[in-house]
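All chains are identified by letter, namely A, B and C, in their written order; residue positions are counted from 1 within each chain.
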Amino acid sequence: MSNTTHERTPQLRADGSLRHLLTLDGLPVPMLERILERAQHFVREIGSAPARSDALRNVTVAALFSEPSTRTRLSFELAARRLGADVASVEVQLSSRLKGESMLDTVRTLESLHVDVLVLRDAEDQVPDLIARDVEPHVSVLSGGAGSYSHPSQGLLDALTIRQHKGDFAPLSIAIVGDIRHSRVARSAWHALRALGVRDLRVAAPAALMPSDYLFEGCQRFDNIDDAIRDCDVVMMLRIQTERMTQASIPDGERFFTEWGLTPARLRLAKPDAIVMHPQPMNRGVEIASEVADGPQSVIRHQVRNGVAVRMALLEMVVGGRP
Amino acid sequence: MSNTTHERTPQLRADGSLRHLLTLDGLPVPMLERILERAQHFVREIGSAPARSDALRNVTVAALFSEPSTRTRLSFELAARRLGADVASVEVQLSSRLKGESMLDTVRTLESLHVDVLVLRDAEDQVPDLIARDVEPHVSVLSGGAGSYSHPSQGLLDALTIRQHKGDFAPLSIAIVGDIRHSRVARSAWHALRALGVRDLRVAAPAALMPSDYLFEGCQRFDNIDDAIRDCDVVMMLRIQTERMTQASIPDGERFFTEWGLTPARLRLAKPDAIVMHPQPMNRGVEIASEVADGPQSVIRHQVRNGVAVRMALLEMVVGGRP
Amino acid sequence: MSNTTHERTPQLRADGSLRHLLTLDGLPVPMLERILERAQHFVREIGSAPARSDALRNVTVAALFSEPSTRTRLSFELAARRLGADVASVEVQLSSRLKGESMLDTVRTLESLHVDVLVLRDAEDQVPDLIARDVEPHVSVLSGGAGSYSHPSQGLLDALTIRQHKGDFAPLSIAIVGDIRHSRVARSAWHALRALGVRDLRVAAPAALMPSDYLFEGCQRFDNIDDAIRDCDVVMMLRIQTERMTQASIPDGERFFTEWGLTPARLRLAKPDAIVMHPQPMNRGVEIASEVADGPQSVIRHQVRNGVAVRMALLEMVVGGRP
């Protein structure tokens, strides 16, 4: 299931409203901005009551997650509940069901059960896209993360977090550091931030974790963290799968931290008011020092909070725009 | 736990209202018809909003499933939620807990937690029945499928689907094809359709998958699909467990499809307006061709939709009839 | 993570209201009594409709259970739902995540998702306590059972059950029998009953299952069940983990029942109106005879029913007292 074997499923309806969210790649900038604006409307301070509405009253949302993801699943579920939806959650290996087309049978079943929105996470890149192209007109598909291909709601919450702290995107210098090659988070951030006009976008990774040349167009590539984050406004750290370190070319645990970890000393290379982001879960002491993760420049908790707001906006928009 | 070691648990209350649903075997025809009628009331077109009511407000429904069953579990859960119930879902191996009678302790616990309706699925034939005989007067038990013994809500949704497309039952010719021996779906369909007056009911299976002689009374038996479906109004295909094909006497994969699969060519043996049914999950290319499953004569999606309606009717009736 | 390496997290707010419930050890008696009183308010007869309110409307409760526990999880979930809360349930191995501090990251995430109450069960003694000390002011933590250290809501429901049947605590003779050493149930009962003034509190266990000397202060210790339950008002039986019986010093299955099982004959050693309790799940025929578990002196089902009431009281109190 490569990215290129088929035409992409349209994400907008004929009237320009949002139907699906599968990738940020190619999403028109005005739509991107409308989502961020609507999401901002749902943001509340941590520690205060969350936003609520009954925009999804009588709407059924099914979350199908084939990978364990407490964070993203809970975020979507709570977003749907706080809008008044009925929520059904299923743990199901969609991609492993591809044989005999039974994945599509599952989708047909959900449609016949009057499910309105499918939230899908899968280890395969194209699963949400394949399903979206096949659902009936009244059903919307929201990707909850697909392979290393895309994680669009994460890209949106990252963009929202940056805008809350830094305002205009154009003049910012933003570095994404870590396992760029396998990261759907990096890909979706790249799509969002390029579209929103960030001119100085940088990616930094050990050679083995650097993506193919045709990806991350318009980004400057760095083979070390120090040069990458120098004078940046935003430092986005990625999770390194420790399993990957067994590869000869990637330094392991402690050595990775020495070479690639974001320490307080290193962070001083960035602008004094730079913000630090991480999609979680974090390997503290591997890609990021605890002092940084919990320090005054960290906006990691804002990312989580903004995630619920982004998902509320997405749910409201795909449902509200139905013909 | 054989079928014959005990008297069956009564399914009706003294006043004739529905208390439990464990099997369609012996359920009075007027009750069968009342359920179908009430279910029809909850049917909505696929693509439109589902029926809702608050008939189960303040009612607690617990779903205890010991076998994975996304479809049936979701169908019951959504039915209960759309009637306003509180729904708690537990994955629990009831039959494996039989030692030390702890299955009944689990039931006692649920009663003490003020659960009103238990929806139970188990691999053992008699588990829902055993539990139903033991619950307190205010609690109802609905079987979500038990061993190869019964799957009464499936039998009802099958009957409802047939009635929607064919009207009167008496003059119909209906063939059930596949692994009749191990299929609770076939059993419950047999009970429902016999009771509703179908005169020409046929079962077809390879010899190794044909049930004992004392079962499927009143059905004509066929050892090949072609004769079985000839001039039929309804063709019900069953899922074949591919594990079973290792038995010497059952053809495997491709050969099974050649000998037993419902292809477009074969379907032309049935009446031109015959409908095709399947309880799912389907093995496409094994017991049914995709062209048939997705073709104009297929009513498989209607079955799923009707399933929610039947379960809403059952929940409403067992709760509404409480003394 | 021993009990003594850190100061305990305060459970009350500065204004004396209940913030967390982690242990009954040291909980002021007036608070204990307030909880029991409020719980009594939520008690309903088994077979009648459960108590409901909307005290937790717009409140989000997350249940994080690292051990399978149908009973306690359902009890908390139903308690929260019947108070109108949004409930999210996650199965997560908190203690195994301790490496890299990611347990606290999970907590930070839940806070950022606007979760108000965390219900936690873990195999490690100190997990709820560690988390409680670290949550933000608006978040409360309720222990759903932690290692062999504490199970405070169980201790409360046990106390409530005793009070319902026996009134004043002071003059009672109460025996706790079985695997005292590993039982958080025994510990929490001991804390509650001592605090409530029970003067004659007894523990009985095989030598290998007797706790260290510094625990169960004020309790008389017995090495046999007969002497322990003689003339008692309350007999609390504990579950014996059959895995433990492989230890040389503990009699196995049938022998355990002969030496330690509560039989009808043995129960006659207690007062004629003695009540019998068990936290469940029961090993019938091992620590307790079925005739006793289901007999007229058993209040085991009342314990379950009271569990929901206690959890409703706790949820209402920690949320209601927020500044």
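In this section, a contact is a pair of C-beta atoms (placed from the backbone, for glycine too) under 8 Å apart; a residue touches a chain by one contact, two chains touch by 3 or more.
Since this is a predicted model, take the numbers as computed values, not measurements.
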{"item": "Residue-number overlap at the chain A/chain B interface, same or different (half cut)", "value": "different"}
{"item": "Rotation angle superposing chain B onto its copy chain C by C-alpha atoms, nearest 5 degrees", "value": "120"}
{"item": "Centre-of-Cα separation between chain B and chain A, whole angstrom", "value": "41"}
{"item": "Of all residues in chain B, the ones touching two or more other chains", "value": "none"}
{"item": "Chain B contact footprint on chain A (complex, rising order)", "value": "58, 60, 62, 86, 88, 90, 92, 100-102, 105-106, 108-114, 136-138"}
{"item": "Footprint of chain B on chain C - complex, ascending", "value": "44, 46-50, 52, 70-71, 74-75, 77-78, 81-82, 280-286, 290, 300-302, 304-305, 307-308"}
